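In the two complexes below, chain A is the common chain; its partner is chain B in one and chain C in the other.
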Partner chain A sequence: MSHMQSNKISNLQFTLFIASTQIGLGILYIPRDLMRVAGTDGWVSVILSWILATTANLIIIQLMKRIPGLTIRTALQRYCGKWIGGLFYLFIIAYLIFFSFLIVSAAVFIVQVWILQRIPAYYIMLLLVAPIFYLCCKGVKIMGRYVEITTMISIWMPFLLFIPLYRGNLLYFLPLIKDGLLPILKGVGSTLFFFLGFEMTMFLYPYLETKEKASFNVIVANTISMSVLMLVTIVNFSYFSPTQLMDTLWPTLSLLRIITFPFLERLEVIFLSFYLVSFSTTWVTYTFFSIYGLTGLFKRSLLPKHFFYFLALFVISSFFFTLSYNDIMRYVKYSNILGFFVGYVFPILFISYLYFFQDRIDRRRQTCDQKK
Partner chain B sequence: MPQHPFFDRSFSRSSKARNAEQTIPFVQKSLEKNLQWIQDEFHTMPDLQIKRFITNQGINAAVIYFEEISDKMMIFNDIINQLVQQGSSVQQIQSSTVIANKGENTSSLIDVEQAVLKGKSTLFIEGLSSAYVFDTADFPIRNIEEPNVERTIKGSHDGFVESHGKNIALLRKYLPSRQLKIKQMKVGKRGEIKVSLMYLEDVTRPEILQELERRISQIDIDVIINIGELQQLISDNKFTVLPQFLETERPGTAAMEILDGRVAIIMDRSPSVLIAPIHFIGFLKTKDDYNINWIIASFVRFLRYISLAVGILLPAFYIATISMHFEVIPLKLLLSIGESRERVPFPPLLEALLMEFALEMLREAGLRLPTSIGQTVSIVGGIVIGQAAVQAGVVSNIMVIVVSLTAICSFIIPYYDMSAAVRIIRFPMMLLAYLFGYVGISVGIMFLLIHIISMNSIGVPYGLPVTPIRLYDWKDAFFKLPQRFLTTRPDSARPIQKRKSQLSKRGR
Partner chain C sequence: MRPKKMILLLTILSLLLVSCTKTDIEDQTFSLLSGIDKKGNQLYFYSVAPVFHAEAKKKIEEYEVKSHTMRTARNEFDSRATALSMANKLQLFLVGKGLVKEHNIFALMDVLYRDVTSGSNARVVMVDGPVKDVIKFAPENRPRLPIYLTKLIDAAYLRNLTQRVTLLEFQWQMIEPGITPYITEIMLDKQGIKLKGIALLNNHGKYVNSLDLNESVMLSMLMRKKQGTYSLTVPIKKGDDKVMNKYMSATYTSVKDKVKVSMREGHFHFDVELKMDANITESIHLVTRDRNYLQVEKKLKKILDKDFKILIKKLQKNKVDPIGYGLYAQAYQYKNWKKIKDRWPEEFAKATFSLKTNVKFKYPGSVQE
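Entry: the complex of A and B
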């Protein structure tokens, strides 16, 4: 616990932590998915999924409030037993590991496609993994500060999107809700996963300074991510025509291509390189908590060498296979299913379990302790 | 070890000598014995003066001092003359004005030795088992001048000098407050040196002061000559190029920092003063910002931030653009760049390194030369590097522009340590840019950010007030609001008193 006391993060850092973990790969491809599934009414699904995600997040907060002083691992092992709790925890960790690998590989893929075509993937992987390692070694406190500063220096990026909006055509949105509710509900299916990242609340909550404000912070964080996604969606929908958008692989990047200055063209190259700075918060969070979870499960202390081995595996694996666009989209789908269980289903299950059995188990534990 | 007579002899002698050192010698009643001891200790020191005289009561006495570091006039007028003309008996000497006013009584010869080495003079009197030490120190000191490294257009032109006492006096002149306290310490085994911490008692956080005191008292070193050594010995982070103490030669700057709750570390023999704790943004402010209109000051600060970014990133950005991402340049601009690079056979990185190194060498060469030769160097450098290299086709015109712009930008940063750090950081950035283009640069930025935010200065985050964020302190960070809004002390020194004009109970 001393690790957590010396590593407190402020409430603002907590908020930005969640928001910037959510804003990652999603904004680059989700508008296209949304257009395919929900048509031009996709923006309604954004709002609906925002409500769902915030609710799920609030449930996690309630869950964490029920187990004060415990982390998610100690709580699982206390109330579900060493093996079953450990198994649940392993499932969460597996998701985190899978997702952290996927998200870094996806970044490598996009960088290779858009910026550095001539450089082999493992070099890029090596380059991107280095700052992750450096930051992970510093611990949660510094990560909190990093999230703050990256938010601050990338605050201009959403405003860049207003330039294509000027050329957009709002008539594309009309008529509103033209195909009924079903496509919109289908759209929720794809936007729901944009908000993944809020499940980090489970791990971050014990580090939080003033826990009373956690619910408010979580709502703010989800609203920030929602407004960014909303902006991206609206700009994409109004700039591209529906068929055009369906055929564009990374629409948000293609969008930026039209911004030119007398001394600068292809702004998306610069935008994407700089976006990596704010994207890196997602990689770092997932990587850190995968290793944090693994070492906790196997009762080892968290050391820099663990991060080193883990990230070295990333680099070595990128020697042998590189992901294609279809691979990434397939794996994203898998990880979304995992993420759905971890972020939405698991908290509800666990909190309802606690609701019925927590008191009974606590009492039995106490009598056991007294007997000893 | 074999018991060879040679070893035996040498060892026994050295151990005897050590034993002799350990017994503390006291001042004897016999004048001759004392003087003998002094002469033994200070052998081969021709500048030691022993002036024997007889008081008008017929008692033998002697004054010892070092020539040129003691005030000779003072010794003759105030000590010897008075004793020769006025002194009547030993008791009267003891209570006479000379000794009562200026002298201090000691019975340890080690104290005498230390005092004499520091320019004081010592009076021995036959029949007394104590000596009198007079503060007649008069080291040669430079006059107060404007410091060369921190020039100012408006504002006071005084600067610290190489004397501990004078520097404290200068600060006292700026902050005549009862709360201005001084903690004095001595550092160094071979030659002791005075190190003082100056702070405002009701503003500075005591933990910071204790931590500084602890670090300074733990220093184990022969002698400290430069204040830079002290800075490295007590800094938090060893593996960094970024400065961790603000080094200033202007008492005004030091006084302003003390008012913010920081601690000024004054070392004898050093004309600069260290300020701690300090944060990154502290190196981009000057005292002059407070001396001019706030809009102009904000503009100047904005210039500094821009030049910080340009100084670190511009060559890297240029290299990345030319060698990897020429697609981001519009065709017309690309043509003109290509025209200037037409005759250059090197890759952009080599070209940039060539120019950067030439520039750094020129700077380093000009640094320690007398002004007259320095001009020659700058002319040779300007013509050879600027024109001949371009005409010979070694570097391109645009690279010359980029490098000189970068150099100017790095000189805009007001503190030497920080601008040196910026110049160093530029090189890994250039390498990353050459290898990985813009992605390399953004990874470099990530590394730099992580490095800055993970550092601490005496337990205070180096990234303040940006991260951890203190929006309230931004009024005097990236820009500067008018003076009447700056009523609170910034949190970057964790002061215990937030409001500026607030006084403690009896303070003033």
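Entry: the complex of A and C
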């Protein structure tokens, strides 16, 4: 317990933690997916999925309130038994590991395509992994501060997107709701995954200082992510023609290319470099909680060497293979499905299980303890 | 703790490696202008790059190669140019009229969009005549050609004498079904390079017609994206003696257009209302002593109405819609639009227009008769 006591994070940090974990790879490709599925009405899907994600997030908060003083692992093992609980936990951890590897590889891929074409992948990987290692070793408190700093560093970036918006064509949004509700509902399918990252609430909640405000905090966090996604979506939709957007692989980066200054061309390179900083919070969070979960599962204490081995695997793997664009998109799809179960399905299942059985199990435990 | 320190050391040391791959500007050939043209059945590719070497007398190198695609042409350029040629600072992309008349150039430009390193803010320009002549044009009283051309186009664009179309915008125009592409048009005459106005392409990317400078200003008044200043001179009364003609020049500000779309007899009908304020800059033999501005205003309206109608008729005759009325049709008549989406230019030619200009004299200039 002392680990948690010394690692409290403030409510602001908690909010930014969730928001910046959510804002990741998604804003680079989701507008394109959305256009393919939902057409120009895709922005409605953003709002709908925001409502869904916030609800899911509040359910997680309610879940954590039901098990005060416990982490998700101890709660699972207490109420579901060592094996079944452990299995569920392993599933969550597997998702975290898979996703953290995927997202770092995706970052390497994007850097290689857009900025450093001639630098080998393992080199970029090495450079990206080093700060992750440092932050992870220091624990949640320092990571919380890091998140605050990255937010401050990257706060100007959304405003940059207003420049293409100025050249955009808002006529595309008319008429509102073009082809009925079905495409919009389909669009929710792809935007729902943008909000993944809020499942970190399960792990962060025990570290939170003032737990009463947690519900409010997650609403704010989800709203921040929603407004960023909304801005990106609207800018992309109005700047590109629908068919053009469907054919553009990284639309958000492509549209930044139109911004030029007399002394500067290809602004997207600079944007991307800064974006990596804010992107890094996602890797750091996922990596930390992957190892945190693994060591917890095997009853080991959290040591820097665990992170070292884990991240070394990243670098070594990048020696042997690098992911292509299609690989990344395929794996993102898989991880989204996993994430859907972890973020949306699992909390509902667990909380309804607790609703019915928590009292009974607690009572039985108490009588057992008294007998001893 | 030891591995942590080791990694920190490695990271810091690796940053030093950056200096190993230092590149001097002399060792780069920035292709600022590239072009395609057709002679006979052969494709010719052009590239112009500045030379930074101190010893070089001529500060620019230009190449013409016969090749198959832009990428194969790059190898040819590399085999001739001073250093590695790079396309990421591309400012201009010239195409010959002979090529655009017969072929869809957009298909040939694929590398400019697929390769993320190529600059996408290059202006797409059509040359009335061979591209080669423009490339070879290097008078002593002008800056280097790419810089000169860039400045020429940007300045003219501010006055709306032409439109500046970047590669990304060109892609948008080609792909968007509700608009047909248009690009800047230049030519080379005895006095040098001259801006001709706008070249109109049809939706297959082939050249169909041109707009002169005056028409360009009027076209840009109708466009959705409005910027810069509009200065128009209209003849109020024309006679045989050119000196005695009545003329009226004005800069038009706060130009606003309202477009309403409806259906009439199965075709689209556009109600366009153009509102603007006029600041008179020149009036030759016109404003009478009794300050009858109202009459002049009426006359001006009538003439502008007629001119705009002629312009739209010209567009309809050529089946091109550079203003993008298709976008309005999509926004306000989506159900009907969906049916004719793929053959919009033909449908545009059949559409009817009722155009109304609403000019208000705001400032008669600092002379008052």
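We adopt the following convention: the second predicted complex is superposed on the first by the 372 of 372 C-alpha atoms of A that agree within 3 Å, B and C clash if a C-alpha of one lies under 4 Å from a C-alpha of the other, contacts with A are read in each partner's own complex, and residues count from 1 in each chain.
As a convention for this text, contacts are C-beta pairs under 8 Å (C-beta built on N, C-alpha and C of every residue); 3 or more make two chains touch, one makes a residue touch a chain.
As the structure is a prediction and not an experimental result, all values here were calculated from the model.
By the touch criterion defined above, A:K305 lies against chain C but remains apart from chain B after alignment on the C-alpha atoms of chain A. By the touch criterion defined above, A:R145 lies against chain B but remains apart from chain C after alignment on the C-alpha atoms of chain A.
In the superposition on chain A, A:L116 makes contact with chain B only, while chain C stays out of contact range. Judged by the touch definition given at the top, the superposed model places A:T367 against neither chain B nor chain C. By the document's definition of touching, neither partner reaches A:S352: not chain B, not chain C. Once the two complexes are laid over each other on the shared chain, residue contacts for A:S6 go to neither chain B nor chain C. In the superposed three-chain model, the partner touching more residues of chain A is B, compared with the other of chain B and chain C. When both complexes are overlaid on chain A, the residue A:Q244 reaches chain C alone and has no touch with chain B.
Of the two partner chains placed around the shared chain by superposition, chain C is the only one that A:L171 touches, whereas chain B remains out of contact. Of the two partner chains, chain B is the only one that A:L128 touches; chain C does not reach it.
According to the touch criterion, the shared surface of chain A, contacted by chain B in one complex and chain C in the other, consists of residues 123, 127, 130, 134, 260, 265-266. Note for the complex: chain B touches chain A at residues 324-325, 327-330, 333, 436-443, 445-447, 449-450, 453-454, 461, 463, 466-469.
Contact residues on chain A toward chain B in their complex (touch as defined above): 10, 12-13, 111, 115-116, 119, 123-124, 127-128, 130-131, 134-135, 138, 142, 144-146, 148-150, 152-153, 260, 262-267, 269-270, 273-274, 276-277, 280. Within the complex formed with chain A, the chain C residues making contact are 1, 3-4, 7-8, 10-11, 14, 88-89, 116-117, 119-121, 166, 168, 171-172, 175-177, 224-225, 327-328, 330-332, 334.
For chain A in complex with chain C, the touching residues are 113-114, 117, 123, 126-127, 130, 133-134, 137, 167, 169, 171-172, 174-175, 178, 240-241, 243-244, 247, 254, 257-258, 260, 265-266, 304-305, 308.
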